[in-house]
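Pasting in a structure now, in structure tokens, and then I'll have a few things to ask.
For reference, chains read A, B, C and D in written order, and residue numbers begin at 1 within each chain.
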Amino acid sequence: MKSPRTLTLSTVFASDPFEPGPKGSRAWYKLRQDKAGLFGLAIVAIFLVLTLGVFFGWLGQGWSVAGGGRWEPVSVDHWLGTNLLGQDIFQRAVFSLRTAFEIGLVVSLLSTLLGALLGVLAGWYNGEPGRTWVDGGILWFMGVLDSIPFYLFVAAVAYALQGWPWAMHIAMVATFWTTTGRLIRAEAMRIKSREFVLSARAIGLPTRLILLRHVLPNTLHILLVQATIAFVAAIKTEVILSFLGLGVQDSVSWGLMLAESTQEVLAGHFNNFLAASLMLFMLLLGFNLLADALQDAFDPRQASL
Amino acid sequence: MLRKIIHGLALILGVTFISFLLMVWFGPDQTYTLIGKHATASQIAEVRHQLGYDQPFTRRYLDYLVELFTLDLGASNSSGEQVSSILKRTLPISLALMLPGFIIGNLLGIVLGLVAAFRRGTWIDRLITGLSVTGMSISFLIIIIALQVLLSTPYGFNLFPVRGWRVDNLSSYLTYVTVPTLSLIMVTLGYNTRFYRAVFVEESSREHIRTARAFGASPATLMGRHVLKNSLVAVSTRIMFSIPLVVVSGSLLIETYFGIPGIGKVSFDAITSGDQPILKAVVGLTAVMFVLIQIVADFVYRLVDPRIA
Amino acid sequence: MHTNPPLLSVRDLVVKYRVKGGRGGLLTAVNGVSFDIHAGSIFGLVGESGSGKTSLAHSIMQLVQPCAGEVLFHGENLAHMKQASLQKTRRNIQLVFQDPLASLSPRRSIAQTLIEPLDHFRIDVAGKRHARACRALETVGLEPDVLQRFPHELSSGQRQRVALARALLPEPELIIADEAVSSLDVSVQARIIELILDLRQNLGIAFLFIAHDLAVIQQLADRVGVMYLGKMIEIAPAHRLFRQAAHPYTRALLEAVPVPDPAHANPVVLQGEPPSALTPPAGCVFHTRCPQVMEQCRVLEPLDTQINEPGLKNTAHHVWCHLWKE
Amino acid sequence: MNRAVLSVRNLSVSVQTGLGLARVVDRLSFSLREGEVLGLVGESGCGKSITAAALMGLVPSPAGIVTADQIMLGDKNLVQLDEASLRRVRGSEISMIFQEPLTALDPVFSIGSQLSTVIRRHRGENRHQARRSSVEMLERVGMADAHRIMQSYPHQLSGGMRQRVMIAMAMACRPRVLIADEPTTALDVTTQAQVLEQLSELGQSFGTAILLITHDLGVVAQACDRALIMYCGRIVEEAPVEALFTAPTHPYTAGLLAAVPRISSAQVQRVQAIPGLVPHPAALPDGCHFADRCPRADSQCRTLTPQLQAVDGQKSIHRHACHHPLSSPSHAH
């Protein structure tokens, strides 16, 4: 089958062969035009700065101090009032930013790396004579992890590691990476058949170099988007785990604040609930908008991969 | 077909092995919870033997497998009730609780996704996309608390019970199921709509849609006939494979919050009390459910897409 | 003039693929093909889609393991080579592909793409490799500033020239061009054809030029092989093939190519479509569509018969057809 | 040749590209006569496919902006029709077939259902009649076992057969005009010959005028009566096929003819490339777009845009847009 003329109707509109600059800059060029994406980016940036503030000790340090009375209303020294124990809600909400980013970054980074590594290996060795068990094995492992009920898995890991603070992170990484893994595996299988990979194999380039130079760089856009999505998932999961008593131990998080507020709310005290919900919602909204914008900016149909 | 069954068995083996490893081998030591702190050495040895802690790893894993396959799941450590009878009692409750939300959530998602893709780029599309992104950014817990305040407390409409599950006829069923169902819908609707919209947009950019338009097909025919039928594989995959997630994980949170005695609540209590027989049963059950779904999915794909021989 | 062993010789090569899905089964893409390529010559390989041309190229490059037969480079079997000499052979045979868009790694600059083979084969001192890449670009008619650019910034013609430059860098003796000009526009295609002829002339590089378009083949090839459904059905020097093609399929192909001259009417000779390679017909694979099909064609596989004076090896005209009895 | 069945005046299409708004079709005017096969010829990016899409009103609105004084199909000006009436015309009075047979048909519907749907929509036949006409149409395009084809799905057919199904679908309602966008480019040369013959034979017997879009000059020579050569969104030469191939007057046409390889049993004519690159649609040079690559270009060519006018002054149908055309057809060059 002869190859079709390159510039059919759809390609003329979508990709343009003469745009300047490396791929990355083109994606940035498109992102700049996506208002929602920029709004998301702005939120994320603001929260990041606040988190650094907390990290370096300028903000939210007095979260555990039971300074005021129970459920004090909004006042000058307690901007958002106090909770059951008289702790300052504003301080706790701001400090939780650090917990959120800590969980989000650790989980999203590790799960994306694991997903990329195993995904590329599975995709590359799929169909390779003699090595196809690698693909089979990784797929089996993903299938197993996906079919274990998540909360039971987290609880089991939490008990197995006997209250070690990182149990929650391990459990999340161990289950989040499979989504990225499947996406990267499919992309790697597609890239493997492209001519520029065949040309690298024809000169006898070792596999690890091919994977590093030619396959992985072409999956970066998927990894970036998945990392953002994993960040959101990690924070949402922490909230539920804290409610179930499996979450953050010796610190404060929006999840803990929300768990506290379940009783307070019935008694009519909404400050704790509102503070945690609003902060959590804004951060998640920012990251979700950013993830959507990145997805469109790197959409392969536009770029001429 | 045979290949699918072998895959299924391998999956179940994997799941049981990992859950055995985590829950039993590294799991919490039951002896003290069962017989209290100050028991005599011989009593402790006796209980440890009964619970099989003294057997080697492979022996205990084999016992566990035998238990699972012969459905003799033993009795709950805390209540002593037969696990299988617990399952019989709690599963229907969980299904009754989760099914309506699951069905409505997906149907609504499909409709909104279709409308957004159909009117792509217009204000309706932006509205639906905006709402779904917002929906995705609200945590499950916030929705539950907010709905509860809104509907079950004097601060709101106070129409529904705060907790509990005293269901004996349709009207009592509706009163107890409404708030949980609403919260399930609101949590999953954002994700569903966004996913279905992406599938329909992808399908409507295919070349054969342009051909159909060139032959005078109206936008409604394009969407309702060509795009929808081409998307059925992706749509059915999404629905089928989210059943175990919703029925087991989803129910755990809702039942724990609303105090509804379904499989979710039972497994949560089992987690906190380390009641292994129940945990093992639930894990085994989920794995079997996944395998069954994979087999059914294979059958559905052949039905929906002629290219899959 | 060709006394030493041919640069490349392919002996009874067979390549099979396992087909997943559908009825499954084994697809024979290449079914016992033999031919030689002599140093500095251009061998044109023509055939329609599904004839096995690309599988042949990939098995020569050891990208696909053949089930039977062997590939000899300078008389040495590629399959039995030790690592060192195999590495040398990989340097001596280079590959150029059809789709200019997919033959260059999208996220790497042209400089990185060109310097990679130089690093890999450790050609020249690291410092001089950049200059060597510039020279290669000049030979294919591109300015050195292209080095900083990325594939998506170049037109398809420019990209194909970069692919050619990359093939030239390891100073190969043979370049396999798999449909290298098929997806290019006529004016750009002509430039690449001129370039290939110059490379053969000035650098003495041999080419295995694979295409489905006989007109392009005639511009380049010294010898031409015609494949149909995995089998070689005719090999001849170009001037003989285009003047007096022996095999009915070759004649039909020649007549089917639309001639850019309205006065010359194109009669439609062949009906129907090539059968599926999963179930090749018995006897001669072309018998189901051959206008001059005979009884024996349905049963007996035709043998290799040479139809011109035995004389010189490189001008032999082979055909696999019962019409041409020894 | 009798009256025009499709006449286009001042058709332009602009498209958003990375480097800003680009006019990819620039004030195109041409007409298609009844029963004629008109070739729309040009290399990638010259705007021929987008012209076809614009004629059918298939250019997606946000991405492309279409303007035209008129696109007269018989007595209807398509530019003024609203979307609903345009839909009634598409597939009945003017239909289109595409290049990629594999992806042009809907993979999850049988050939029979896709074919009869078009027939029922435009010929108002009921389900039973439509099935019968579908089988008739498949036999008409040379499909031996039409009944089996009706039940089968696109992925079960070969490229050639799928393209024949497309032709059957397009011709089922006896359209006045058929636009064929590179119909045989993705087919093998033996199949291409069969499909081209099928196409022109049907065009003759149904009295349908065909606008054949291709980059292959061989196909133009064999299948077309008249041809328009396009470059960077403009028609640079328009002539009957005989004149075009023997005595082209525009340097670009001559360059194309010199670049296309020709099979000859005698001496091989070496191809000559056209120097330079096609300019980017968003950065087109002033005046004649071919000036930078044209051996005959001068300052006039780089400033004044040449208009399409008859070759030797009077009402000849051989026209070109060039300030310094090759010698007039009276004496061979």
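Criterion: a contact is a pair of C-beta atoms (placed from the backbone, for glycine too) under 8 Å apart; a residue touches a chain by one contact, two chains touch by 3 or more.
No experiment lies behind these values; they were computed from the predicted model shown.
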Winner on C-beta contact pairs when B-D is weighed against A-C: A-C
Chain closest to the middle [Cα centroid of all protein chains]: A
Chain separated most widely from subunit C, comparing mean CA positions: B
Centre-to-centre distance between subunit C and subunit A (centres being mean Cα positions), rounded to whole Å: 48
Whole-Å gap separating subunit B and subunit D, where each centre is the average of the chain's CA atoms: 55
Intercentroid distance (Cα basis), subunit B paired with subunit A, Å: 22
Sequence positions of subunit C contacting 2 or more other chains: 49, 155-156, 212
For subunit A, residues that touch 2 or more chains besides their own: 1-3, 5-6, 9, 18-20, 26
Subunit D: positions in contact with at least two other chains: 44, 58, 100, 188, 215
Residue numbers on subunit B that touch subunit D, as the complex places them: 121, 206-208, 210-218, 226, 229-230, 232, 304-307
In the complex with subunit A, residue positions of subunit C that touch it: 49, 58, 61-63, 65, 86-87, 90-91, 93-95, 97-99, 101-109, 113, 116-117, 120-121, 150, 152-156, 163, 166, 170, 179, 182-183, 212
Subunit A residues touching subunit C - in the complex, by the definition given at the top: 1-3, 5-6, 15, 17-23, 26, 129, 194-196, 198-205, 213-214, 217-218, 220, 303-305
Subunit D contact footprint on subunit C (complex, rising order): 48-49, 155-158, 185-191, 193-194, 212-216, 218-219, 242-243, 252-254, 256-266, 268-271, 273-274
Complex contacts: residues of subunit D adjacent to subunit B: 56, 58, 62, 87-92, 95-96, 98, 100, 103-110, 118, 121-122, 153, 155, 166, 169-170
